[in-house]
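Two complexes, one shared chain (subunit A), two partners (subunit B, subunit C).
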Partner chain A sequence: MTFEAGERVRVLPSGKPGHVRTPAYLKGKVGWVESLIGAFPNPEELAYGHSGLPERPLYKVGFRQIDLWDSYTGPTEDYLYADIYEHWLEPERGTT
Partner chain B sequence: MGGSPGGPIDRGQHEVEDWERLADAINGALGAKGLQSTDELRRAIESLENYRDLSYYERWVAATENLLVENGVLSSDEIDERAAEIEQLWDGP
Partner chain C sequence: MSDHHSHEETGGTTSPYAARIRAIEALLLEKGVLTEPEVQDSISYMEARSPANGAKLVARAWVDPDFKKVLLSDGKAAASQLGMDPEHPAEFIVVENTPELHNLIVCTLCSCYPRAILGRPPDWYKSFAYRSRAVREPRSVMREFGFAPPEDVEVVVHDSTADVRYMVLPMRPPGTEDLSEEELATLVTRDSLVGAGVPRSSVRVG
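Let's look at the complex of A and B:
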């Protein structure tokens, strides 16, 4: 699965144990792919001394702050960008 | 912290202490020697049971010790013995 810039995505609400680079506060949240950063060894495997291969695509993903924090009172145009690996993303086809 | 409420941010400056520089240098050396990776260190830091009780570099040191043992570079006994030796030197005349 490959994502294009602008594509809406949801971060998997996975409770995968161990070391993951996906912040807990983004799990289950909807954002958009800003750009492809590149492909890198999987840090979830590197964390336990493995090779991390094959390399995994890493995306810069944008989120609206109001979609992340219940008590957020700032402008709608306040965004947060995070680096998320492809295996943590699924296409989001719903509307918000 | 980690997406949980962490309270107000301490914006005060603080001096980096010698042992903190040493902790940083040792981690750099272990990485250069291929004995430890950044991802392993992050995982070991997150795994610390007393994570929230430790300062930034205290976490580095505690996690590094665990990794050295885990990767078979040193044993806990060797680390404890050496630490006791150093402690004695400091307490000496």
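Let's look at the complex of A and C:
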């Protein structure tokens, strides 16, 4: 699964235990791929002494703040970007 | 610096955490996992880095449009151009504040920070309060730092969750056209490199 810039994605709601770099507040949330940052050894395996290979694509993913927090009081045009590994993303085909 | 580095000059040395760190360090040395010179090298590495590096990058970008392009497209290359050693496995990305957009950096998972350039992060950056609140109420957090972007300026939070370390390129304050690059660098505060504030608007005397 490879994503293009602009593609809508959902962060997997997985409760995978152990060391992960996907923060809980983004799980299940919908955003868009802003850009591909590069490929890096998988930190979820590096953390336990493994090689982390093969490297995993890392994306900069954008979200609207109002899509993340029910109580968000700032403007609609406030955004949050996070760096999310490809295996935490799935295509979002729903409409808004 | 003496042969035996001292932990006593920094605060909190009597806390249980400080005692635990000293015990772990002693064990690592005793078991040969680390050597004393390696510990010293590591301390020297961190002490050689400070927000002054970030201020130099920002001031150069303010006076040199070509350098600014490099800084925004390849942060490590820009740091190398100014004689810094940006080597670190993580990427170093600089995001630009504009009249329409203000950036704020946080690491909710731990305290990722561009240490290879800026040294150790401020204590507040590592606090649970900042890490949890910066993502969900960034405007309130900035207001508490004494800075409130207007409602028509987009606030963009960057959560450095993985292999990127972020720094903000703040806007050059108005009325600073006559300042030299060195004077401009003195305007750049550590907080403004995280986006929690903006640069000073005039050079401090003394």
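As a working rule, the second predicted complex is superposed on the first by the 96 of 96 C-alpha atoms of A that agree within 3 Å, B and C clash if a C-alpha of one lies under 4 Å from a C-alpha of the other, contacts with A are read in each partner's own complex, and residues count from 1 in each chain.
By definition in this document, contacts are C-beta pairs under 8 Å (C-beta built on N, C-alpha and C of every residue); 3 or more make two chains touch, one makes a residue touch a chain.
Everything numeric in this text was worked out from a predicted model, so none of it was measured.
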First, second, both or neither for A:43, with subunit B first and subunit C second: both
First, second, both or neither for A:81, with subunit B first and subunit C second: second
Subunit B versus subunit C as contact partner of A:25, first or second or both or neither: both
Partner chain in contact with A:91 - subunit B first, subunit C second, else both or neither: neither
First (subunit B), second (subunit C), both or neither touched by A:6: neither
Comparing the two partners subunit B and subunit C, which touches a greater set of residues in subunit A: C
Subunit A residues contacted in one complex by subunit B, in the other by subunit C: 23, 25, 43
Subunit A contact footprint on subunit B (complex, rising order): 2-3, 37, 39-40, 42-43, 46, 71
Subunit B-touching residues of subunit A, taken from the complex the two chains share: 18-19, 23-26, 43, 46-49, 52
Residue numbers on subunit C that touch subunit A, as the complex places them: 91, 108-109, 135-139, 151-152, 154-164
Complex interface listing, subunit A residues touching subunit C: 21-23, 25, 37-38, 40, 43, 58, 60, 65, 68-69, 71-75, 77-85
